[in-house]
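Note that the chains take the letters A, B, C and D in the order they are written out, and that residue 1 is the start of every chain.
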Amino acid sequence: MKNIKVGLIGMGRIGKIHFDNLKNQIEHVEVLAISDPFFVKDVGVPNLSPEALIQHPDIDAVIICSPTDTHADYISLCAQAGKHIFCEKPHDLSIGRVLETLKEVKGSGVNLMLGFNRRFDPNFQKIRSLVQEGEIGDVHLLKITSRDPAPPSLEYLKSSGGMFLDMTIHDFDMARFIMGKEVVEVFAVAGAFASEDVRKAGDIDTAVITLKYEDGTMAVIDNSRKAIYGYDQRLEIFGSKGMAKVDNNKPDTHVLYNQHGAHGALPLNFFMERYTMSYQIEMQKFIQALSEGGAMPISGIDGLKAMMIALAAQKSVEKNRPVFISEISEDKVGSVYSEQITP
Amino acid sequence: MKNIKVGLIGMGRIGKIHFDNLKNQIEHVEVLAISDPFFVKDVGVPNLSPEALIQHPDIDAVIICSPTDTHADYISLCAQAGKHIFCEKPHDLSIGRVLETLKEVKGSGVNLMLGFNRRFDPNFQKIRSLVQEGEIGDVHLLKITSRDPAPPSLEYLKSSGGMFLDMTIHDFDMARFIMGKEVVEVFAVAGAFASEDVRKAGDIDTAVITLKYEDGTMAVIDNSRKAIYGYDQRLEIFGSKGMAKVDNNKPDTHVLYNQHGAHGALPLNFFMERYTMSYQIEMQKFIQALSEGGAMPISGIDGLKAMMIALAAQKSVEKNRPVFISEISEDKVGSVYSEQITP
Amino acid sequence: MKNIKVGLIGMGRIGKIHFDNLKNQIEHVEVLAISDPFFVKDVGVPNLSPEALIQHPDIDAVIICSPTDTHADYISLCAQAGKHIFCEKPHDLSIGRVLETLKEVKGSGVNLMLGFNRRFDPNFQKIRSLVQEGEIGDVHLLKITSRDPAPPSLEYLKSSGGMFLDMTIHDFDMARFIMGKEVVEVFAVAGAFASEDVRKAGDIDTAVITLKYEDGTMAVIDNSRKAIYGYDQRLEIFGSKGMAKVDNNKPDTHVLYNQHGAHGALPLNFFMERYTMSYQIEMQKFIQALSEGGAMPISGIDGLKAMMIALAAQKSVEKNRPVFISEISEDKVGSVYSEQITP
Amino acid sequence: MKNIKVGLIGMGRIGKIHFDNLKNQIEHVEVLAISDPFFVKDVGVPNLSPEALIQHPDIDAVIICSPTDTHADYISLCAQAGKHIFCEKPHDLSIGRVLETLKEVKGSGVNLMLGFNRRFDPNFQKIRSLVQEGEIGDVHLLKITSRDPAPPSLEYLKSSGGMFLDMTIHDFDMARFIMGKEVVEVFAVAGAFASEDVRKAGDIDTAVITLKYEDGTMAVIDNSRKAIYGYDQRLEIFGSKGMAKVDNNKPDTHVLYNQHGAHGALPLNFFMERYTMSYQIEMQKFIQALSEGGAMPISGIDGLKAMMIALAAQKSVEKNRPVFISEISEDKVGSVYSEQITP
């Protein structure tokens, strides 16, 4: 297996997680450079401009962890430079821009993986395995609970694209991943109950989204931007042969019994603690796919499809009616859609 | 406190539960007669015709556990005879008939309690208490999982009024009870995935129903007629100050660890085991309200409102759009509605 | 099956439980009389003197729930009168007196059942079944945790016979029941850490007792008279094919998650709530054995053997060394022992 | 804070864990060399002889992970060379040899830390915190369950020093760590029930050990060399204000409900998975104590005291009586004891 040489753009919270994993946990990879104008610490590799990093002749692949509004540009540059791409979600907030860059990626022949790290979480992997091994039988219903401990800042909210594109998009991807089939229709109810900032931003902080799959089976997602008890990430699957569910991970297993009751720990808080393992495995799988050859574990089309569900959910709230995914392709994707997303 | 003298019509599964509770567990009550032409065992009191039982001069209150299509007639007879009424759900499958008999009941001044026994389950009572004591803060979302172990017979299904009126009606009542506010809009998706009999009956066996309350907060119910692992009855409440959930009751607490995994007991199966305590407390509360005076714990209007949510859910599936409860009153209830349900 | 006619001596806490179960829950039985000079409520049957009750010509069996120091006398009278006996534990605090009355019982041919109600608890029954069905394989170790919520009054403590004879005796019986083999050696360490009253009474309130069985396998029991969080009754079994454990029963299954942690209910408190079901099944089994014929589920010898383990534990604390059960028979039982306990 | 330069002797299973943690997870440390004649992989630092590594002029501290019978020699050499020492447990199987080297260490002024990694496990740390913060009140009883998934090889068993010195020694250290007070008396019962190899080695595989502390409070440990369901590491603490317990860690949180029951994952198996975090924190704490100054988190005396409890347990099984720790000092430690272990 050959060693993969990578550069990493963006050394914010998630960029640092990926950097540490690439340095310490993952084999067959070498980090040649980083790029972040605001990151001054010496991590033993040069800190280049994004363009210089992407053009670096020894770099095989680029990890894009910079702000969302730069993703599409860097993807384009990578495609032109013949570099493989790992891009944090979301690809871009404009579906037109996503389609353009997917076209460039396809044309250039480079590989692109979208960073839906939760697919690699051991709990969700276990549920996926149970489904694939037939332990659930015919699957009738998937339930996802996904709640953040606190909403982001007002500033972040304003440029986030809204809760569905920013936060629920992980759950929309999970809904496709676990069930292994496509969503065709979406109904969402939502409100801004938990946060003044969210209201100011004209966004929502609480939602229940019902998904229908092509065969009539269903998923239901509930979200909150503000679960005061921490980061709540649970999932349940129900079918003809059984039901399985996974709970939150906790920092320890203690239960204290005193005269007031039985008391245990809250869920691990926040995504960096909860999804430590999933970030690590995700990057391993990316490097491994490049090193050994083989398909990307999560494609650009996966990113596109989650985005279309999110847009359908937004439209459903606006119109207060179920929205077909096909409406999104008509509205936003148009004629390029069919040629584009065909594998 | 005075002793209440009751007669009981219908000695099927639930009738017998009530009879045993009235005989053995509840104070200040005396069973003077039963009525069931197919029940031949001697239980120490005469087995009269329904009419004779209702007319019995010493009887204060009648417990109606006979088939659904007889409920409204017996309620009418009781109202005319000045007897208080405990009636198993549903009141009737025709909302017009329900309204007529509610009018008679109101006119006669007798008390009517509907048998939504689950309100008295210690688990759900605990959640209701946490909400009322403010432990959840502002409540944003209620989630109810309610799954039966197996669908009823095809014959039963045909006359059941459909899953929403027959089974989910308990959950619709629970959604009102826990939240303590009214549902204004309903969206339901459903399918017949689990049972050939259900398909033959033109009914559904799996559903996700989203409810919106008057203040924009939400509830989501998921149902199945066939949970192969047993009777699954869980509930979760989420709000600004916390989240609380209740799980199924189990016959024992064992966990067996062997080389294949950790193995525990399935939920108590079926409603007679799961809701033993709730049936007992329900009947205590009915007798106590009659004996000490005071309002019925669950009124006829409660039955009516759960029914209207069920009808809205049916319509939502038919039309594939959210349905306002007010549409049901326009469709089915008409002008009598407003005068009727005003307390 | 014939109906059994019983009288019940002692209408204290446990007497009332048995009375209610006999009246309401158990078939093929009739209560003809009670006996309790301090019990004035009319329960529909005459309140006789103990002697009159025992001599009552229609009574087949006597349920003895009076204070411990009367048990042996009433057992003797019952044996003389040819009445079957259910006696609450302990039989007597003097092993000599126990042996005398066991001899009388044996001579008279009446049946005697000791009230080790916990054998009928659904949790412990499940563990016993797993052992018997071979799910645990060769059993190596049994662990019992048994803690009371609060010590009894100083007055009670003084005449209780000490913690081992009063409280741990249930666990000693459980250790024989679950393992299905005999204890041959006992080592106990103990202290009075939790209660001033216990210290005043010269008793202990905390103990760890190690038991060795005839085949070298082991059990360990830990006790406290004062678990501030309630009545703690757990058990674990370990062997070559697996491990199984049972936890406490709780009044409800709620867990509340707020910013301070995850909070659930404490164990059911106290024995009347925790062992409701076991008292009921215990009495059913007694009546059934009399009605249908067949061996007593728990014999007088079972009571004797648990007592001998308790006495060995007391001696072990005094001498600070392991004590063989055979020492107890030499010390206290003497030559009558061997003839007596041979089945 | 200064950087600590270390060498590591022994690249077996645990040596590699420490090496990876030192390289990737811990700050202020540099690995200059390793020493292992059988380890051929290039890890980027020279592989020296133990003597050369210990004498290396730039090395501040030595991590000893070689076979037990080399520990004392390397500790001596380190003391002579003025190198700080981290030594895997056990220090040595001969208490005389332990005392000699502790004397040398004390004389030389170097620091010595013993590798009782479990003290740093987040679960056990939480229990220790609850005790220290007074949440348990006066502590009356500690319970430790510690079971291995399978016995080591016959060859290993023969030179292991027996189960108490090899395996239970971790639990003896835990019993001192959690309670924060000294054990004065030990009673152990044991057998070889689970493994033919253990019997051949003349060792035991199952034990219950009762410990008495200086104030009369108690601990009880149960051990097995062969828990077929995996690595079972649990702990419970009981006192005047409450009880707390910690359970095993599991690879995921799934529960699958099907017609056969509810099924979940087994504990993480084996120590490398279960104690990943504790190994990492342990080494951090060692490096931090050297880098910042301050006492070793676990001293050589801690190793000695756990060993004395193990020897008392062995003697207790042989003699079938409780054994005072002071007997061990008389037997094995003699007059050097008092001067040695005084801090």
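What we mean here is this: a contact is a pair of C-beta atoms (placed from the backbone, for glycine too) under 8 Å apart; a residue touches a chain by one contact, two chains touch by 3 or more.
Each chain and its UniProt protein: A, B, C, D = Inositol 2-dehydrogenase.
As the structure is a computational prediction, the values presented were derived from the model and not from experiment.
The set of chains in contact with chain B as well as chain C comprises A, D.
Interface comparison, A-C versus A-D: the higher count of C-beta contacts falls to A-D.
Annotation: the chain A:chain B pair of sequence copies touches via predominantly the same residues, more than half of the used numbers being shared.
A turn of 180° superposes the CA atoms of chain C on those of chain D, with the angle given to the nearest 5. If each chain is reduced to the centroid of its CA atoms, chain A and chain D end up 41 Å from each other. Computed centre separation for the pair chain A/chain C is 59 angstrom, with centres defined by C-alpha atoms. In chain C, 228-229, 232, 241-243, 257-259, 265 are the positions where the chain touches two or more neighbouring chains simultaneously. Chain contacts here are complete: no pair of chains fails to touch. Across the complex, chain B meets chain A through its residues 137-138, 140-141, 143, 147, 187, 189, 191, 193-194, 206, 208, 210, 212, 216-218, 220, 222, 224, 226-229, 232, 238, 240-243, 320-322.
Residues of chain B touching chain C in their complex: 23-25, 122-123, 125-127, 130, 135, 241-249, 251-259, 265.
Against chain D, in their complex, chain B makes its touches with residues 228-230, 232, 257-266.
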